[in-house]
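In what comes next, subunit A is part of two complexes: it sits with subunit B in the first one and with subunit C in the second one.
Let's look at the complex of A and B:
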C-alpha cells in the first residue's frame, strides 16, 4: 500500500536560505513507483525494488545557479541542494572536488585525444570515492537519530565509514570479508571501530549484514540508509560537469561493482540538465569489470536484461560483487547510451595500474586498473572515438592494494654509498629491463 | 519438516514482527506455499504473478544463494535455515 507522504519537517526550515532549504520530498520505488516517507527504508514493501530519493526539481531549479555553486565550499556540499539531507551543518570532512586531470600522456599512449582522469584516488579523508557516499549517509543517519552506524564492505567503504564516524562521534561497527588486503584492514582498524572479519565473500557479508540490520536498529549506510548513501555518488557527475566548464563529456568509463555508481553519475548529469546548469548532450556510459567477477559484463555480452550472480575470483576485490544489486540498471544505461561493458583479466588489471602510474603519476588500486585496462580495450576495439571527450573514473588509491603489484614492478637498486657503485647501478638501470634489476647483482 | 526462515524487516508486518519463524516445506516453492498458508499475503510480495521470485529478492539456503543450487526447486531438509534478503548496494 502506498503510504501518504508526510512533509519533511525541520525546526529551522522556515528561516532557511534558498541554498539550505530541503529539496527532497521522500522516497520512491524504482520498480513500481510506490512512495514512502524519507525514513531509514531501502526496499519497497510491495515489490522489493530499490527506493530512490525524490526531489522537487522546480524548487531546485530556482535555488541553484552556477554562481552559487562556485561560491560554495570546496567539497561535495557545494551541491547540497541535490543531496538528501536537511541539516544546516552536514558532515564536511573535505570530501570531493578532486582533480579532473587532462591525461595527455596516457591519451597519446592509447591513441586518443581528449582524455580526462577524475582522480578520486586522492579523495578525502580515506582516498576513495566512498567518502562521498558516506558523508551523505552519516549526515542523514544523524538526522534520523542513529547513534551507531555500520556497513558491509569490500574495504574502501569500511575505511570511510570508520573514519567519518570517528569525526562525527558515532559508534561504528563494520563488516568485511576476512581475506581483504592488509592496507584496507589496517586503514579501518586505526579509527577504532568494531571490525567483523567475516569468513566468506562480500555477497555473504552483505547477507549477514541484512540480517543484522533487521534486528539491531543500526544505520547501515549501504542497507537501510542506501537511498541517501547512493546519492552521494552523483557528485562525481556534478564535479566533472563543473570542472569541464559546465558541460558534459562525450563518454565516461567507470568501474562496475554493484552498478550503483554508474547509475548515479548518469543521474547527476541528468539533474544538471534538468535544472538548466548544463546543456543536454548524449553521453556514452561504458563500464569496467574484472573477468573473475563480471556478471554485468556477461549479461551485456549475451544480450540479457537480467544479471546472473557469480562467485568472485579476482584480485580486484573492491569491485568483486557477484550479486550486483543495481546491475540491471547499469546494463540499461550502457545500452541506451550506446556504451559498452567489458571485462579484463587480472594480468590486464595490473598492467592498467602500471600504465596509469607511468603515464600520469597516479597510483590507483585494482578497480582503477580495471577501468584503465577496459579503457585501453575499448580504444583498441574502436569503441571510443579518438576525438570524444572521455572521462575515466579512478575511484581508489593503490597504496591500499599493494599486494596486487608486488613482484611485478621491480625492486630498488641497492648500492654502496660510493660513486662508482652508483655509476655501475645507473648503467645497469639504463641497459636492463626494470624487472631484470632484481636478479642482477649491482 | 520444520525449516527456520529469517524474515527481512519489510515482511515482518506479515509475521507479527517476528524476524525468525518456522515453516514447512520440502522445496523453496513448497516453502513459499507454506508461508502463504501461515501468513496470508506474503507470497504476493515475494513472487510475481507467475510465481517466480521477484528480481530484487535473494533466497539463501544455509548461506548458499539458491541460484547456485536449483532455484525454486532447491530441496529442503529438517533443520535447514532459509534466509530472505533484499538486494543491497555496493561496498
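Let's look at the complex of A and C:
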C-alpha cells in the first residue's frame, strides 16, 4: 500500500500515543461467541451469526480520559481507541462532531421541555451519518490491503463511499437500487466511481453484493468489512454523551433501517459507562420506521421476537430495508430499555421534514422526517415524558431528497423589480397567511 | 425582544468573560473616516462611502489569546471578541470551524506541493459560507430590535437567512432573482419564509431591496446590516490561520462576487497580526470570477482602478454580481499583495467541480468550480509557485446546483440483480475506462 494518505489539519493534536494502537483484539460471533482474527470476515463459520469487534476494555479504561478526548481532533477520530483501526493516519475528512442543538422551538411546538437534535444532516463530507461508518471502513480496508472498495447502498452510503474513496485514492464500485432519488445518484457519480444501478429493491442489491464479495477481491464496506464499518456508528453515542457534558440522555429516538445504527448507539453508551467516562443510567431507546417499510415496528407491535421481511414501498428510500440484518437486536434493545418502535406514513414524513425546518432551520431528508414524525407521535401518545432529556438523531440532508417535498412547500411570489409590484405581493402574502391562520383555528 | 434564543451545546465553555463584551466601538466610513454609532446604518451621510465596524485593538490584544480561542466553542463564536455583537447568547447553530483539508491528490494533479482546501461546502446549517455572515447579522438584528429580517440573494444567502431566522424565531422575507437553481429555491422555501422571486438579475434585486429597506422597518442582512454582516467573513481568515497552526498561508484563492469576502479574509489576517496572534507575513490574494460575469477580472487585466458594471450570463449564479459593491477594494488588495484576478468560462467551471470531486471527494457548487478552475489556470501560468502554501476557499455545496453537472458526469450502468448481468456491465465499464485512458494519452 504505497498510497499516501491525506489527513485533516489538526494543529492541536497530531501526535498519537502508542498505547492506543491495540485496543481491539479480534472478532467474535454475537450468537455463539466463537472468536476470529481481525480480518475481512463478517459471518461466523460455525453458526452463521454476525461478527462483532472485541476490545480490551481494561486497557481502554487506562488509556482514555475525558481530557484526552477533548484535546483530540474535531472529528470521530477523537474516539480512536474505541474504533477498530491500527493506522497512525486514519482517513480524516472532518467526519463527526456535528452539532447537538438544543431544539427549544420544536420542543415548545411538541409540548416537551428538553429536546436536542443531533444533526448529521451536516456531517462531512457527504451530509449523512454514513460518513462515520465509511471513514472507519475505508481506513480498515487500506490496513487489510484492499485497493478497490464497494458497497450496497440506498443512496447515502454510495455518496459517502465514493467521496471518501476519491479522497483516499481507492478504486470504487457502488451498487444502488435503480429507482433512487436524483440527488443521491448525481451525488455519487460526481466522484467518478463505477455505479451499478440494480433493477430491484435494496434487499436484492444486497444479495447480489454478497455474491460479488465472494467472487471479487473487493472490500465491501457493509458486507465483508461490516464488523469494522458498523463500529463507526458508536460515535453517534459518544458525541451525544460528550456534548451533553459527559452524561447520557434519558431517551433517544433514531431511525431504523437495518437496525445497526440503533444497536451501535446503545453499544457506544455502554462502552462509555464501562470505561468510566460517564455514569450508568437507564436510557430509553425508541425507533422510527416508515409505514411502507416497517418490519421491525410490526414485530414490536405484535410482540414477536422475530422480524418478517416486507417489500418496501415508501418515499423514505434511505431506510427502506425490508429484511433488516440487525432487526432482532433493535427489537430487543427497544424492549429492554422501555422504549418504543413506531411507524408513520409518507404524509407524516413530509410534515416531519417541514416541522423541523420551520422550527429549527434544519433541512433533513425523508429518514429525518420519519424520526421527527415518530417523535411527535410518541409525545402525543404520552410515550415520551415532557421532562425527559430526549435526543432525536437526524441522519441525512434534505437537499438529497428534494422530490419528497417538491409541490408541498409552496412557490415563490413572482414580482417585477419595482416597489409597487413588491407591495402588492406582500399584501397577497399577508392575506394568505391570515387565511392560513384562520383555517388553523377552525 | 422576548424571544428566547436557542444555542448550541458547548459543554466546555459556556461562560463568557465580561471584558469581551465591548471590543467594537462603532462604525466608520471607509472613504472619509466619518464615525457613527453602531446602529443599522451602512452608508456614510457625508460621502456615501461604505461603513465598517471599528474595534478597540488595544483592548482586544489584552483579551484574546490562542489558548482562550482554542478553548472556545467549535464555531465562529470562538472569535467573538472580533465580531460586532454584544449579546451573551449569539445565535450559534454550529456555523464555522469547517475542515481545512490538505489536498495532496489535487495538488499532485496540478503540480504543486502545499495545497489546502477550506471547505465551506459543509458549513452549517445551510452548506455555504453565508452561514457565517448571517449568524452575525441576525444576532446583531436582534440586538437592534428587528423582528423581521430580509436579504437580497443569489441563493445561498436566502437559504441561510431563512434557516437561521427559523431557528431564532424571526419573521423572514427574502428576495432572489427568478431564474435561480431549483435546489436553492427549494432550500429556501422549506423553512417557510416569504420568498419574492424578482424578474431581473441580482443587481436589480439589490436595488429593489435598498428601496424596501427605506420603507419597511426590516433588517436586511446585506443592506442596512451590511457592516455587521460582512464582518462574519473574517472568520474564514481566522480559521485558516488557526488551522495552519497559528500562521498565515503564502497565497489564497477565493471567488469574487461583491468582493466583500476577499476583503474580509484580508482584514481577518491583518487583525490577527495586529493583536499578536500570528506573525506578520506577505500573503498573496488571488480572486476568481466567471467569464460571464467578470467585471473585477476585466478591470484587473486592463489596469483600471474602477469597475465597469456588466450584465451577468454564467452558470455560476451565486457569484453573478455585475455591479460589485466592494470591487475596487478587491482590485486594490490583489494588486498590493502581488496576487491576480482571473476568469474562467462555464466549461472550465464544470471541469473544476469534477476535478475537486474526483481528487478530494468534495462536491462544490459552481462558485467552487470557478475557484478550482482559476487555481488550475494560475498554476499553469506560473502565477502560483509550487512551493507556496496555498489555500483555496470552497464556499458552497454542489447539491444546490445539480443542473450545472447533470449530463456531463455520465450515467449509472443499469443491471439486473444477477451476477452475470453485473459481470457483463463490469467488462463494459473496464473497456470504457481503457478507451478513456487511451484517449487521454492521445
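By our rule, the second predicted complex is superposed on the first by the 413 of 442 C-alpha atoms of A that agree within 3 Å, B and C clash if a C-alpha of one lies under 4 Å from a C-alpha of the other, contacts with A are read in each partner's own complex, and residues count from 1 in each chain.
Operating definition for what follows: a contact is a pair of C-beta atoms (placed from the backbone, for glycine too) under 8 Å apart; a residue touches a chain by one contact, two chains touch by 3 or more.
Predicted model, so just to flag it, every value in this text is computed and none were measured.
Student: After superposition on the shared chain, which partner residues are touched by A:429: those of subunit B (first), subunit C (second), both, or neither?
Tutor: second
Student: For A:43, using the defined touch cut-off, is the partner it touches subunit B, subunit C, both, or neither? Pick first, second, both or neither.
Tutor: First partner only.
Student: Once chain A of both complexes is superposed, is A:414 in touch with subunit B (first), subunit C (second), both, or neither?
Tutor: second
Student: Of the partners subunit B and subunit C, which touch A:215 in the superposed model: first, second, both, neither?
Tutor: A:215: touches subunit B and subunit C.
Student: Per the contact definition in the header, classify A:261: touching subunit B only (first), subunit C only (second), both, or neither.
Tutor: first
Student: Considering only the touch criterion stated at the top, classify A:330 as touching first (subunit B), second (subunit C), both, or neither.
Tutor: A:330 sits against neither subunit B nor subunit C.
Student: Subunit A residues in contact: does subunit B have more, or subunit C?
Tutor: C
Student: Tell me which partner A:207 touches in the superposition: subunit B (first), subunit C (second), both or neither.
Tutor: After superposing on A, A:207 lies in contact with both subunit B and subunit C.
Student: Please work out whether A:354 is in contact with subunit B alone, subunit C alone, both, or neither, and reply first, second, both or neither.
Tutor: second
Student: Give me the intersection of subunit A's contacts with subunit B and its contacts with subunit C, in residue numbers.
Tutor: Correct list for subunit A: 200, 204-205, 207, 211, 215.
Student: Residue numbers of subunit C touching subunit A in their complex, please.
Tutor: Per the touch definition, subunit C meets subunit A at residues 4, 6-9, 11-12, 70, 74, 93-94, 97-105, 116, 119, 122, 124-127, 162-169, 173, 176, 178, 182-183, 185-187, 189-192, 194-200, 204-205, 207-208, 211-212, 215, 242-246, 353-354, 357-363, 397-400, 402, 405-406, 409-419, 422, 425-426, 429.
Student: For subunit B, which residues are in contact with subunit A within the complex?
Tutor: Within the complex, subunit B touches subunit A at residues 6-10, 12-13, 19, 45-46, 54-58, 60, 63, 65, 67-68, 83, 85-91.
Student: Using the touch definition from the top, list the residues of subunit A that touch subunit B in their complex.
Tutor: Going through subunit A, the ones touching subunit B are 31, 41-50, 151-154, 156-158, 200, 202-207, 209-211, 213-215, 222-224, 226, 229-230, 257-261, 306, 308-309, 311, 321, 323-326, 328.
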